[in-house]
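Chain lettering (A, B, C and D) follows the sequence in which the chains are written, and residue indices restart at 1 in each chain.
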Amino acid sequence: MTSKGLAIIAGVGPGTGASIARRFAKLYSVVLLSRSPSNFEPLVQEINSSGGKAIGISTDVSDANSVKSAFDEIEKQFPDSPLAASIFNAAGGFVRKPFLELTDEEYSTGLDSQARKAGFYFAQRSLPLLLKARESSPHPPTLIFTGATASIKGSAQFAAFASGKFALRALAQSLAREFGPQGIHVSHAIIDGIIDIPRTKQWVLPHEDAKLSPDSIADSYWYLHTQPRTTFAFELDLRPYIEKW
Amino acid sequence: MTSKGLAIIAGVGPGTGASIARRFAKLYSVVLLSRSPSNFEPLVQEINSSGGKAIGISTDVSDANSVKSAFDEIEKQFPDSPLAASIFNAAGGFVRKPFLELTDEEYSTGLDSQARKAGFYFAQRSLPLLLKARESSPHPPTLIFTGATASIKGSAQFAAFASGKFALRALAQSLAREFGPQGIHVSHAIIDGIIDIPRTKQWVLPHEDAKLSPDSIADSYWYLHTQPRTTFAFELDLRPYIEKW
Amino acid sequence: MTSKGLAIIAGVGPGTGASIARRFAKLYSVVLLSRSPSNFEPLVQEINSSGGKAIGISTDVSDANSVKSAFDEIEKQFPDSPLAASIFNAAGGFVRKPFLELTDEEYSTGLDSQARKAGFYFAQRSLPLLLKARESSPHPPTLIFTGATASIKGSAQFAAFASGKFALRALAQSLAREFGPQGIHVSHAIIDGIIDIPRTKQWVLPHEDAKLSPDSIADSYWYLHTQPRTTFAFELDLRPYIEKW
Amino acid sequence: MTSKGLAIIAGVGPGTGASIARRFAKLYSVVLLSRSPSNFEPLVQEINSSGGKAIGISTDVSDANSVKSAFDEIEKQFPDSPLAASIFNAAGGFVRKPFLELTDEEYSTGLDSQARKAGFYFAQRSLPLLLKARESSPHPPTLIFTGATASIKGSAQFAAFASGKFALRALAQSLAREFGPQGIHVSHAIIDGIIDIPRTKQWVLPHEDAKLSPDSIADSYWYLHTQPRTTFAFELDLRPYIEKW
């Protein structure tokens, strides 16, 4: 394969991030950002050994300097690759607790791990590269944010997570309205349900197919990415057929 | 091509409906419903002559008997084809007028052409066939409704159209919650912008690519249809990159 | 009391409608519309004997002629009273049933009893009188629609009711955007929970105060009505403290 | 007047906060929190000299220690007064700027001044007092958050403000769902338009009454506060009649 450009995925573990990386690696070189190298190393190897091109960069997306270093490294290693897609899939900030037991740090982490630091740093470093890629990217340069049920519903004991996810959606929507007319496709995916990843394998649910398939989420992100600019989707809600909503 | 099943498209003119028909005809036999045969005849010929299989049935989807006849005819002509997809794309009911000048008939038509008659009759006849197709359809049997900006926003002078489109979305959402757990994929697409069809060809807009591409809308419907039941999207908003929203 | 104007309430039974009538009767003459005189007769008597002024008119709000007769009668009886408030509180259309068992008539009634006939006729006859009352009404002339949970959520087995309530909300929102700038206050109240009325008296719930108080709903409508035009609320959601939402 | 309890207002300048304070001072002792004493001193004097009871505490609501000190002072000065209402009306975080020119500090301030610090600290200190006041407060203890158009819509160049306001709404909604069933009334008011305050006095608009009246906003907060627990409103949108929305 000759890479047609670059895709950066922030937040790569054994689940959705990995599936997104595999999907986008079919056309692009992929850069995987995660705090711990153990999160991306097997995947980097897998993609490279199956004809793709991947690198991992140990990054704390909630740290401005760490994000800066990562993007400096990306520009150094791929000076001529247009950034076709930048995917914000960072986890973190999830805590379920009575509000009065929530610590300042827990609530802050809910916001920092999503909009306030991670999402903001990632978007600010991605957008200049996406703008530069408008002529050369095979599809409109795309910035996708991963949301959750808590992106549109605040629930009891979910104040920290919902605040972070609401704020991330505000960021996504503001960016879609500012950069859409400039030719950048900004999207927000609401993942509503349990994802079928190693950590949830042992959760037995009363119906089969009751967990979201990470590969199908990745297919949805790919679909969003390949939309032409005449027909951009901003928001998509994904859930198992059996999910109550 | 060997047809893998059946797709019914209600509301086929020279625009979105035709693109949807062409897209679904790549895998399925397609049935085109429209009041006037002149709306589907060229398309039927085009699809049949390029290796697909299409028929058209002159149908008034706002008329219970006409819908009944159409479905009776479909079951007669395709006794063994699973209904893989049923697309409600019927137009009608659009009127922009000061509320106090709106006639009873105009307001009624806004609702009848969408939820009250057309959407209701189409869904009631489609769902039993979709349920029957669960084992044999190559993808989860799918029922898609075409919405508009007015599906989620009531505007001055748009009372008739918004009422019809809100009600159609209520129908779609109610059906998604009832039939999703039974394995039927019910979706609602919000088309937010001007579609690039013969009627709007002469509308010159200040930016290129400023109209929605009917083929891309069709690709989105196909994407919805091919989602596995682990990962159903209910709602999707589609608009040109340049659209204000 | 000297009446300062007129309030019309469509949909008056022993519950919310009666409370609204009592509340508005403190300042206005009230006209109660209901199909059956038994619904308004005791209330008319109660209001008149306690110093207020009330009349009832037997009206089928889903019937154009019946609504026309009612308004003709109102204008005849109160030729000089400005219409200060018009409240659409008509019930009807509620049915909970698997979608495939829903009859054409049941689904139609869901829409006719709300937006398609009743809401439309009531709004078309009220608005000219409200516009005429702008100078003389003590508060900005007001048109309020009663909504429900189903106004913003379509649920399994609720297709008929949700379609009607969604459409009524579309009507309310369209009218708010058209007539607000003309000085008419159009509002929509989402009643989310069980109302404490004679019919629900015997429903014993696990918490006290778990049902909506009709008098408090009426207070909310009054509050909406008395807002100055600098500060109009369009939408309000009302529910018991214990309600899950 | 004998004070029936306490109301705390965070964010008191010459506009909405002052009107809220005056309104709640008719029944309660009021505590005004603002960074600069010049913001509350004239108001404290005005309320005290007209028969009410008010104190001001110089507080930086984005600073945990400052909020702690303020509440310690409140409990010291009013040991026996039930906290009937706590109003979060803090401004800050508003910035309108192309996203790529937004500094880390500006974006953080958008969140810190609303949900992440100010809203969180204020809610965490208020709620235990509100819970304690359930028996003795004349109306259900109430926590109200002031929102804006940006609470539900992210717009170009508004990423910082929208992120903060979305997150604040998430916080409000999560708290409403957690503490509502415990008898605390949590509400969120969406202020959609220009408020008529000293700073906007010179803004001449094409229509009269085109700015929100702070006194009417205060009346709305009072109305929310006096709702019984059978009939709580969570959300209210307030705008001038002439506002486009």
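Descriptive notes on the structure:
Basically, contacts are C-beta pairs under 8 Å (C-beta built on N, C-alpha and C of every residue); 3 or more make two chains touch, one makes a residue touch a chain.
Note that the structure is predicted; figures quoted are calculated from it, not measured.
In summary, no chain was found to touch both chain A and chain B. Annotation: A-D is the more contact-rich of the chain pairs C-D and A-D, by number of C-beta pairs in contact.
Greatest Cα centroid separation from chain A: this falls to C. Centre-to-centre spacing of chain B and chain D amounts to 46 Å, using the average Cα coordinate of each chain. With each centre defined as the average position of its C-alpha atoms, the distance from chain A to chain D rounds to 34 Å.
Chain centres here are Cα averages; for chain C and chain D they lie 31 Å apart. Those residues of chain B in touch with two or more other chains are numbered 177.
Contacts between chains close into a ring here, every chain touching precisely two others. Checking each pair of chains for touch leaves A-B, A-D, B-C, C-D. The touching residues of chain C, counted against chain D in their complex, run 140, 177, 180-181, 183, 185, 196, 209-213, 216-217, 219-220, 223, 227-243, 245. Note for the complex: chain B touches chain C at residues 64, 98-100, 102, 104, 107-108, 111, 115-117, 120-121, 123-124, 127-128, 150, 153-159, 162-179.
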